[in-house]
Amino acid sequence: MIPIDDTPLCRDGKVLILAYDHGLEHGPVDFDEVPESADPERTFEAATHPAVTSIAVQKGIAEAYYPSYEDDLDLLMKLNGTSNLWMGEPDSAVNCTVEQAYDIGASSVGFTLYGGSNNEIEMAEEFATAQKDARDYELPVVMWSYPRGQGLKNDTAPGTIAYAARLALELGADVAKVKFPGSQSAMEQAVRMAGPTKVVMSGGSKTSDRAFLEDVKETIDAGGKGLAVGRNVWQREDPTRILDALEQVIFEEASVDEALAAAE
Amino acid sequence: MIPIDDTPLCRDGKVLILAYDHGLEHGPVDFDEVPESADPERTFEAATHPAVTSIAVQKGIAEAYYPSYEDDLDLLMKLNGTSNLWMGEPDSAVNCTVEQAYDIGASSVGFTLYGGSNNEIEMAEEFATAQKDARDYELPVVMWSYPRGQGLKNDTAPGTIAYAARLALELGADVAKVKFPGSQSAMEQAVRMAGPTKVVMSGGSKTSDRAFLEDVKETIDAGGKGLAVGRNVWQREDPTRILDALEQVIFEEASVDEALAAAE
Amino acid sequence: MIPIDDTPLCRDGKVLILAYDHGLEHGPVDFDEVPESADPERTFEAATHPAVTSIAVQKGIAEAYYPSYEDDLDLLMKLNGTSNLWMGEPDSAVNCTVEQAYDIGASSVGFTLYGGSNNEIEMAEEFATAQKDARDYELPVVMWSYPRGQGLKNDTAPGTIAYAARLALELGADVAKVKFPGSQSAMEQAVRMAGPTKVVMSGGSKTSDRAFLEDVKETIDAGGKGLAVGRNVWQREDPTRILDALEQVIFEEASVDEALAAAE
Amino acid sequence: MIPIDDTPLCRDGKVLILAYDHGLEHGPVDFDEVPESADPERTFEAATHPAVTSIAVQKGIAEAYYPSYEDDLDLLMKLNGTSNLWMGEPDSAVNCTVEQAYDIGASSVGFTLYGGSNNEIEMAEEFATAQKDARDYELPVVMWSYPRGQGLKNDTAPGTIAYAARLALELGADVAKVKFPGSQSAMEQAVRMAGPTKVVMSGGSKTSDRAFLEDVKETIDAGGKGLAVGRNVWQREDPTRILDALEQVIFEEASVDEALAAAE
Amino acid sequence: MIPIDDTPLCRDGKVLILAYDHGLEHGPVDFDEVPESADPERTFEAATHPAVTSIAVQKGIAEAYYPSYEDDLDLLMKLNGTSNLWMGEPDSAVNCTVEQAYDIGASSVGFTLYGGSNNEIEMAEEFATAQKDARDYELPVVMWSYPRGQGLKNDTAPGTIAYAARLALELGADVAKVKFPGSQSAMEQAVRMAGPTKVVMSGGSKTSDRAFLEDVKETIDAGGKGLAVGRNVWQREDPTRILDALEQVIFEEASVDEALAAAE
């Protein structure tokens, strides 16, 4: 664990990661509603919003677009990821080494762990290697901690999310990205389990402004340090508006109503 | 992603790869109709046509024939490949390292990814290694992006081809070789998904001059940057004639009729 | 085997390891009864008790908390571990290298071997690598020797525990952590099988002070060198009291009654 | 591909490999008929016949016997091989590295590829490594190209042998050792598919002098460059006689009758 | 193959290895009859008998006991081994590298190969690595050549033992340790198959002095070079007596009666 408050991943101890790896994980179908969202440049532009602390993408997108934004944005390189085309227990391919991420200009790295998958052992060992390399390069590590697999019935149950947060702490992640477990008190439990590992909420699939901001607010009130969000930003017609509101909730401790008003 | 317009893989931003790895992938049966096509020299000769930007072969063919053509041709080394003799989920053997490709004189490399195969994870990790090595040697990377496997019913459905093109972008390929998805609008979608990754059409099995050129023309009109073709060139009695026509369609923006006339 | 009596792992030839990796192995449920036990700091504080020779944690916890305690505690880095979320034959992920453990400040390392698992071969080979590296860094090696798997009906049968202790000796562990096999005579057999490898009892799930201390006493009387305990310490409201009693039994050769009295 | 005519593997562009790895591949049963054939020295002596260009053995035999023959014989180290005791899809263990082969004095190396086996991918990747290393040591590579496995019904069908020969070319072997496909015209097809890769016939199980020599003659007449033979030489009472005849057929372009007469 | 007559593994060209890895392979049950046999020191003491050329143990035992005996004994490090607790096709874990064996003071190494196991390929490749490393360190290699697995009905059939001996020769072992195949003539066949690789009999489970010595005598008369024995020595109340007798049979070419008399 490194003091990540002093790294580009945080601002005022808070985190707002704009994630854009859905073209790999979900495929083009995620861009159907707002076709221009298929263009990575639109999301890179959105990420220049002052509320965003880092943009999270796969290696290919980073190589192609980050050079034009390296003065304006911080890059979180997502090291593993896979398509949803194949079948079998959850797993993820390591598409990028920490060294390559560093060379491309990343100031932090991300790694998915499907705790509960029958591939958990292998994924944890790959995470361990990435974490060790990230320590050598002094890059903070964000774990996408998503329990999933044959043995898990409900991947947002409070106990599951609490375990997910604890896995991040025990295995050496600096930040745990977890799904919202349904209530502030459940998120408090996850935050407690993570100790000094910062917990950020995973944005999830698109919902209304108010419903989304309420979950974020409860995360912040629970002691969470922010958000890693994709579709709830770039699947909106105007990503800037929701980022204005998120800035209020995450960095200004505003209420949801205040945030919605500020974003009018 | 490297600026590949300045590499030997492209001419005027366009790509025409003559592929000749069918002896490995399909076996001698592909040479039955035109028996002299079994001789690699015939295809190397055809590749000296000014329209061809690179010849794509496996290591063994490259070692044996490229030394005689290195002043006249650019070599795209296909790094993986396999026979069609075995059974099971799609996979491909890594037959050549980037270093060995470079030493033999390749100015670009190619790699097949069977997205959707239950071996996708392993193949993506092998691709990642090859892509990283190719960056070190400054060689452009072409992904043969062919979703295929237990979970896929139609490997040329528009959504599948769009996903294939996106995989190439997200994983860091400079060029995506995809099958023709049946229409210009579907190819447009694939091109949009690939962003700055150039999309080239995969030639596929032999068809008539007109039908083949119409697909190529729609690819170009859709924003595709060219073609990687094998059987539709060297399974013809006269490979030069169809290359003349392809030059018109790909580099001169000619219509299919004009191209057919020019190739008379 | 190295002369571990002169290492920080031992005091007067005895060993009392306070283990706190249950957040990974069992999940947050282990903290339910004493919620503040979820905070690693509480256990690190408890470990400053003079009876404790080392605290055993996973890499993430070590990175986050050990720097504040490195003058007061000795660190045993547990090198492997896994969650209980997945299904299949017992296995454990290697989460930390010996080199990384050393850099974080560990003065010994721990490794689980599930002898009898269909993954035993792979785990033993991973242990062999860790043991060799530990020799290079002159760190004692504690084997969590827990036979378990498809072929084992009773994982605390005397014969099983004796075999577990012998595996530790044969494979090169300096200390064997085994479950209590039910009686002093069975523990004597395990101790005999381990030869110069020190046998320590595994604390197991929480039980009464007396029942727990009686097992520890029988272990010591059987020639065991101590204890590696987690839940029976930090799941108590007052970890200090039981540590006072353990100090009596392990280091002062007190009776259980004397120990209980001393801890009043 | 390296110009192997100038290497010790060839004489006058022809190849006659005396193979003696049957003790590993088939076991002692192959020595039953001529018990003294179990002694490797007998076959090393036979290999001093001027017609033999190399002797092919496994590492253990090479280490034990080649030092006494290194002035008289050229050594082809067979890099992989396995017993016939186990069950499952065809596979072969890599028993020797190219470096070790070189150190023992080999002037060429051999490698089995079971194309069509469900282990083909792994075997091809092992071949690729061996081929690359052989290039570094400037040792010619002979592929024992034997399609075999669940998906193959007839391993000497003309199409199968043609594919086998092509695999050797595409993957970078200098010589393809294939089974006789039943006729000269089928062998011609295999030779055509192999391009500049030399095709040699695999000797197969013992048969009559005339039947064996007729297959060899048809191979030579088909453009094959020779033979890799074991049992049809050393399972004979007098290995020299058949080698005399093979010299006539392979190097002197004699007819079978002439060869039989010369060997009386 | 190295000239092992000049190495500490042999005396007068003969071999008597006292093996003591049964605590790993069979577990404590092997010590039940003579409880003090569980103490490795007893067997190390027995190994100081002048008839013993080496003691064979696993790494852990070697590290703990060999330093006290390094002036009196030669150490054969058994590199692989496993417990009998798990289920599945025969396999063995590589517990020690050749380098580590050398550093601990071994003057030879041992390796089990379960020819016929569905894990034979992997085991043979591990053997190949160990054999290569042993050549670099100039340590003789003893193969425990034990065909076993799904495809084998009788693991002491003469043909199986002959094949076992041949595997040792072909794969590069200096000594083949094989089970007694039931008769002197069957052992002669194994010895013939092994060529210059020395064949030693595996001691097997405990039997009467006479029955045991008769097998050893037949092995010697068959051209075998000695014995690797465990239980038939250290499961006896007086290991010295049987070693006296073995010295007569192996080194003095005495008859069984003479040997039994000498050991009275």
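Order of writing sets the chain letters: A, B, C, D and E. Residues in each chain are counted from 1.
Heads up, the rule we're going with is that a residue touches a chain if its C-beta (ideal position, glycine included) is under 8 Å from a C-beta of that chain, and two chains touch if they have at least 3 such contacts.
Going by UniProt, the chains are A, B, C, D, E = fructose-bisphosphate aldolase.
Here the structure is a predicted model, which means the values were calculated and not measured.
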Going by the contact rule set out at the top, which chains touch both chain A and chain D? B
Suppose each chain is reduced to the average of its Cα coordinates; what separation in Å results between chain A and chain C? 36
Just how far, in Å, is the C-alpha centre of chain C from the one of chain B? 58
Contacts with two or more other chains occur in chain A at residues none
Hey, how would you classify the chain contact layout here, line, ring, star, complete or other? ring
List the ring in order: which chains come, beginning at chain A and going next to chain C? A, C, E, D, B
Provide the residue numbers of chain A that touch chain B in the complex, in ascending order. 21, 23-24, 27-29, 31, 35, 38-40, 58-61, 63-64, 81-83, 85-88, 91-97, 100
Looking at the complex, which residues from chain A come into contact with chain C? 1, 115-118, 120-122, 124-125, 128, 131-132, 135, 147, 149-152, 159, 162-163, 166-173, 189, 192-193, 195-197
